[in-house]
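Chains: A, B and C, in written order; residue numbering restarts at 1 for each.
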């Protein structure tokens, strides 16, 4: 009967109920977006870092991978040192450089990664095959679009310029063997991958044994933090970054968004609560007479409160469910804006849909809906019955 | 002998005369209100006994304390001093929860303005007290139908209060008041909002209820209703002056 | 003795080149002017001993605010030597005379350039401020969503307020007060509430702006402004809230005055 009464009360004032539900839906959408944003970046970044199973990264000391042009020298001795630890199962050195490709009268600049294709963790092969020979190169879609290079084509790639002779240096011919998607690549950025040794040679003597980054996979069951500490002691000239350290750095750089998410989420929840409270207060004030009669005929105070609280919960839940759809749409829109951050890997999402986020938002709204109805309901149900009936009769 | 559907006590419907057993006993009842800074003595030491199966009309000028007395008997208000016992139980000092429960199971209220739930149908309005008492749906629907039939509104069970006339609404209110087989039916100006013809129908219904074994106390200005009661209690200035 | 000290100092300076470091580095590592440090291209590698001759205040550069890297300034040839850069630089900065001079310089450099390109400084600034353009777009989107939400809330609240007073309005209409008068009073009330609300909102926004600047300046150790409340922003916010408030009042009053008085009484 309480459900019937609650439903009837909501249906009785349809425009008001619809408007309140819409208001809660907007608040719910915002709340959901903020919950998604507060955890999305972190989780998205973590997923990206772990996508190939590499738990540790080595970068030049004091920098993050590819933050600067600095490199780690003596790749071979670093690898030899790392191999002393049996817990380190896979070691993938990567060198980054900028290359130029002549297309007609233009020179297209592209990023390039020198990798060991058998252990690399930087790209996903979409079609074709890895660049296994020293004259082979794999490219991404942006590169293909810019250079019109197709599979099997031979392209001329240079690294340096000689301004005196006005010519490019370190030019080599490569055969395009595959199309790849770079996991850490930014949007609209042409990029290629070739053998590490090739890129080292092209980069000149100073970089002939350099790497920008090492990615390391730790044996299943081994302690990642222990491995990290071991590397730090063994090779003190490099920065050792575990997933946790990387996450901490990301947290620091993106702290603004998490704080914004917390503030906007709290405001949304509060405004939704305020809306439902106002609605319930007005609704209850209109029905003081009915409530007094219910009490007069023997309906317990708590049951009266329950019925009114049910109305608040119904509006909140209906609004939350509607807000879910709206929230996903606005999240997509906001994500598209933030994903255009220059240099941000395409694979990073600021708004990551996680069921836990949905339950959190729904739960918070249900609780706030419940809380919103309790006070006005309790107040109305506690009014002296006889006095209230008399006042309502006069009114 | 068939048990009347409206009786709350164990006595059968064949006994239409008041029994010797006291159902309501009020002693030295007083009720004061604070109106702004002024203290108003709505009731001043009222003593009243009402027997089972009685039909009592409380009459008097406006402001004499009739409705206040009814509210105290019905345990929806508390006396400043004095006691009210219904079926031997002192209801004056009951905590709110117990008083509410007592009302639900033992007292039926009929108001001048009907006070039906506008969002429920006639049937649902009658079911409301039974739902609160925990009676299962099938049983309460069946009894609600029976009660609506008794008051002559069987075919109108699905209608909302706004679709019913004043007289019909009051009949539904009476059926609701009888839902949990109360010991006592209290009515505050039940014909106050009705025209003469409709009021007469309600008066007739009350008569029928009393014949079938319901103890009724009405507060009224309606002379015809007062005359239809077995007993009249006159009040003035918060006191019973006659009856 | 004094002369000897001067001579020693001169000798020291003559032997070692000098660098300037930023105040963050100086504070974090407790380095003072006159201290000797070793700079090298590789950690732990052989490098040059230099003397800290100056401490620089960080420029409030928005593009570097989130980065915790230190900055030092050293002589170009020394850096080229340490880093193995030979006779190369990352960029040149060129000052020109007037707009025509800039135009001519750009053209002549780009005509002769090989392997590099000349740009106007403001074009570079636009390019490097893309991060903030993204943040601005994001803020604007949040602002639009907030405005839409506020409009709905406002309409809902006005509707509730108006419904609370149905009976009063019904009584007024019955004694002959016109619909227009009723509607005007509702709209006036809505406008007054909107004005009061926007005044409170401006005050709150200003306080929050102060808090935001205080907080993030501390976090990022910068003198940048993260939030600014300008007269145009205030004017826009107040105008928008009044428009929304009046709009909500109009819609709510329309609903009220269209209902016949008896219906307002519930009959």
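In this text, a contact is a pair of C-beta atoms (placed from the backbone, for glycine too) under 8 Å apart; a residue touches a chain by one contact, two chains touch by 3 or more.
Computed from a prediction, not measured in an experiment: that's the story for all the values here.
Participant: Compared with chain B, which chain's mean CA position is the farthest off?
Facilitator: C
Participant: When you take the mean of every protein CA atom shown, which chain's own CA mean is nearest to it?
Facilitator: When every chain is reduced to its C-alpha mean, the one closest to the whole-protein mean is A.
Participant: Can you give the whole-Å distance between the Cα centres of chain A and chain C?
Facilitator: Chain centroid spacing, chain A to chain C, equals 23 Å.
Participant: Please report how many Å separate the Cα centroid of chain A from that of chain B, as a whole number.
Facilitator: Their C-alpha centroids are separated by 66 Å.
Participant: Mind checking the centre-to-centre distance between chain B and chain C? Centres are C-alpha means, answer in whole Å.
Facilitator: Chain centres of chain B and chain C, defined by C-alpha means, are spaced 71 Å apart.
Participant: Could you please specify the touching residues of chain B with respect to chain A in the complex?
Facilitator: Checking each residue of chain B against chain A gives 67-68, 71, 74, 76-77, 96-97, 100-105, 107-109, 111-113, 115, 117-120, 124, 127-129, 131-133, 176-177, 180.
Participant: Could you list, by residue number, the parts of chain C that touch chain A in their complex?
Facilitator: 42-45, 66-69, 84, 114-116, 130-131, 134, 137-138, 141-142, 145-146, 148-149, 152-153, 155-157, 159-161, 163-164, 167, 216, 219, 255
Participant: Quick check on the complex: what are the chain A residues that touch chain C?
Facilitator: Chain A residues touching chain C: 13, 15-16, 19-20, 22-23, 26-27, 29-30, 60-63, 67, 73, 160-161, 163, 166, 168, 206, 236-238, 252-253, 255-256, 264, 268, 271, 275, 278-279, 282, 285-286, 330, 333-334, 337-338, 340-342, 395.
Participant: Where on chain A does chain B make contact in their complex?
Facilitator: Per the touch definition, chain A meets chain B at residues 1, 4-5, 8-9, 11-12, 289-290, 293-301, 303, 384-387, 389-390, 393.
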